[in-house]
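Each structure below appears as structure tokens.
Each of the two complexes below includes subunit A, the first together with subunit B, the second together with subunit C.
== the complex of A and B ==
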């Protein structure tokens, strides 16, 4: 579907592609929490180094495609870091020397450090998320959550089925647009266009709901809700790689936070 | 669509007798799949909406927070449709994961937001004992989701901004949540119901 970016997939088997998604999630969340705990730029900087090393050595992801994938972070960094520097409470402290001043606007060193920390934080979150999600596909994630975390299987596999509907929704969106154009319902000013997009979205959601209802019926016809305990077609086992990743990943998180400057 | 009526044959045959009142809280397959599909649709909308957020960066965090409500819609819309405990949390979580997997600029932090937004709305519906589904309940659920989002944003995203700035951001987010997710979500469900697409679910009222 052209609206959406192509998924970034590993091109070769690597250490992280053999680690179960549940283990990667635990480490990812540990990094995320450490990352947002402090406004010291050193902590995200350490995590960033660890993340880049992991990406290059153990992710199996095509490195050349990573920058394009992380490009949306750019605007978020400029926006969030910029306003964090501009609106920092430190700027109002008359005891601090201004690094830069423009009329009434003063920018102090602590404000700059906090802005840098926020900017680095966004990069670390983006990179960590890539390392958690990209090394395996959604099916393996669902298998892992059901078998390792005991997530209710009906919910996990229904969500997996729903993901398969996304390309059809993009198709519906295009078809509805073409039909409305044919009937002369498109065009006009910006307000009319907004209304038009809303109408189109409503029709697309109706089509999606109908599709979901048919899918649920088909799933029930195959005993999806039979109440019989489910066995697993693709067993997921917690292996030594999981324990190594957990130990190293959590160790890095603690070290990033606790190491002396 | 009578085959999709609320008493699915499989429900009655294979389940042990449930306590009174539990049957209406049990999720049928059609409930799960419709919420999951709508959540995926919203996840795609979120991903596109993330770009709108980027275009509006020039307005500053206080100004652009007015578009927040769109990210909270599944937490109101999906529970209003299926009326099951957990619908707000489930829908918002799936939508957040989809948006993240597509490459949201907020990465895994999207999941944290999703849990807080969905959890906020979920608490409101739980407070109504999963029996209040009118426009007022929807607006308050939007408020709950907005409070969850404001808690996340003022402690994670905007923590380096001074307190008055953060108070304004939280206020704008909550107003947007009530108007877009709460009232807007209720209007969307009403429009969907009028098309006849929700015949498999409890009727209005």
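== the complex of A and C ==
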């Protein structure tokens, strides 16, 4: 009764799967900054091309499953890009020709361009996040953060444990909903539905807290956070692939910004 | 830090040990005094809420170093006084395995999981790399390092949890109901693992366990605790006196069958050859034949990872008659939960039909999946394994009234029927208490009480006695008997063989198919798929039972 989509994982070893997550995070962060902080739609377009090339050649991810994985972004694209097209002040400029018009609503070329640029940015955000997160599992991400960036063990591995129980929370949510339907409590007006969802969330949070308490106790029983410096079973070392991907990745970010039109 | 502890297993010495959790009026444990020799196996027995888990937590140092409260007396493991020994030192000597595999496995892969405890203790990498495969091999999971912990079976997960605590080579192993959450094969695997550990005599072992027929033969000594956390007796397992057994029986705890033959009063309730709830099982009339709940040729497919689909139910047909209680059994993954969801109309089968009688008195059959939620109540009810997830009311009374569609603050005259139900279920004093604050047994009773004001024609139950002691189990079954006497059809999914004699019929699922449909006795005498000996031993068929009288069950080959 899994409610969460199966995670997208590499199906073959590839360059990016051997780059440490910390290095991917640095490059990804640079790309996101460049992507979000520029107005020129050419910049996200260049990043998109670079991202797609990386995805195809070096990610090891099953390409056929990528569109489905990014599909939830569609909502954001339609919403944000659509609004910015419809509400752009350029539409009110009588000097500009309308590309399309429906009754009083006019859409001008600059509005359309601005909207498409926003949509492009959102796609790049999604693709970049995928290239940062998907090539290695959460365990390796935690290892990398702890060993390369000195993130506290307590934080990294507690978060990891929380991730592991997240699917159970989804199961709880379904069970709570089922119980409420069988008690005749679902349905009714919107206000009633809202209150109902709130009650359901409350029960799920109680269950989640109980589960977290049990997990924390089990971790304590095994000496977690007992004051002894932890050792590492899965050593993470910065290798040549990290330097290469940092150089190339940051180079792409700079090039996307600085190349002439 | 060496894998073989040169000092050997430690003994345990308790002197007037007691513990009160912070914010609780009464102690969880009090006056515990015993001395366990090194290398022996101690079985702790007592009713629900008797502080058995507290003792396990104290031995591992979680009490008092992690959980807050007031300590009394002395509890020593070897030469270490728990209360004054730092948790990190105790961690070297004691390993604790919990009940629920889901919430004690931390890492995504089995090898990382075993290494987690070693990392916490600062073991160097070469020592860990050498130790992890050894610990996995010790529990029969050699080569499991890269396996995902989430895809392991319950029994494998619990054995992995045992490997976790074996890895740092502690001298004392503590098990807190390690088989409670497991299906019969998982239980068997875990019990066999415990037997191997006990046989090696390399560890001192403390075992808290409700499945006594399997656990008692492993024990050298037993510690008996009453409902207030007081010690009733400590003695070698082979020489427990009848007075001690009688005292324990009065607390409502489960009693091993070997102890019940003495002819003592309360202990006799659980005599072999009879289910402990014989009174509830005695029925004045056979079940009526009017079917209330019907499933025809159900097929349910779940999308699985990658390509293809996993068939959860494959041509399952089933009917439950008015006033009939059917036990639903089968290993994990056999399709029990899916069947319950489909019967409740919460999951639409890809092929087949579910029908429930519109009114308990008769009428037409309706598909529960097509009924509006408002009309569903009173027709199909489902009691979940975790009662908390099903609670909808802010107080016990509102919980009971919710099914009748009562307002948040019902006027006094509307409260009366709800109060009568609470009284019937022994919850009258708790009418205004938040359901989440009730004890495990009280929550169970409330989850049934909530369905008593408007009793559904068909009641589906998922492990309704999970975690309850003998008294709690008897109470729940007694309440179910009352509802059944009113003509309710009941389908009870369980891993606990002790419940089957209280059912009118047993339906067994394996691999999504019905592999048995017949009398409980016939099922227990000749299960249609290999079931664990340890599981079957939990319920006795009685010596007076002539084998020839057992009808040949209709068995389809599994798989």
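The rule is simple: the second predicted complex is superposed on the first by the 223 of 261 C-alpha atoms of A that agree within 3 Å, B and C clash if a C-alpha of one lies under 4 Å from a C-alpha of the other, contacts with A are read in each partner's own complex, and residues count from 1 in each chain.
Going forward, a contact is a pair of C-beta atoms (placed from the backbone, for glycine too) under 8 Å apart; a residue touches a chain by one contact, two chains touch by 3 or more.
Computed from a prediction, not measured in an experiment: that's the story for all the values here.
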Contacts of A:183 with subunit B and subunit C, given as first, second, both or neither: second
Contacts of A:39 with subunit B and subunit C, given as first, second, both or neither: first
Contacts of A:161 with subunit B and subunit C, given as first, second, both or neither: both
Subunit B versus subunit C as contact partner of A:138, first or second or both or neither: both
Partner chain(s) touched by A:231 [first = subunit B, second = subunit C, both, neither]: second
First, second, both or neither for A:206, with subunit B first and subunit C second: both
Partner chain in contact with A:192 - subunit B first, subunit C second, else both or neither: neither
Touching partner for A:79 - first (subunit B), second (subunit C), both, neither: first
Residue contacts on subunit A - larger count, subunit B or subunit C: B
Contacts of A:219 with subunit B and subunit C, given as first, second, both or neither: both
Interface residues of subunit A shared between complexes with subunit B and subunit C: 138, 161, 165, 206, 210-211, 215, 217, 219-220, 223-228
Complex interface listing, subunit A residues touching subunit B: 3-5, 7, 28-29, 32, 36, 39, 69, 72-73, 75-76, 78-80, 83-85, 87-89, 92, 111, 114-115, 117-118, 122, 125-126, 128-130, 132-133, 138, 154-155, 158-159, 161-163, 165-166, 169-170, 201-202, 204-206, 208-213, 215-217, 219-220, 223-228
Interfacial residue positions of subunit B with respect to subunit A in the complex: 1, 3-4, 8, 10-11, 14-15, 27-30, 32-34, 36-41, 44-45, 47-48, 50-51, 54, 57, 60-61, 90, 94, 98, 100-109, 112, 155-163, 165, 188, 191-192, 195, 197-198, 200
Complex interface listing, subunit A residues touching subunit C: 1, 6, 137-139, 157, 160-161, 164-165, 167-168, 172, 175-176, 178-187, 199, 203, 206-207, 210-211, 214-215, 217-235
Footprint of subunit A on subunit C - complex, ascending: 57, 60, 62, 66-67, 86-88, 91, 95-96, 98, 100, 102-109, 111-112, 115-125, 128-129, 132, 149-150, 164-165, 168, 302, 305, 337, 341, 344, 346, 372-378, 380-382, 384, 386, 388-392, 402-403, 405, 436, 450
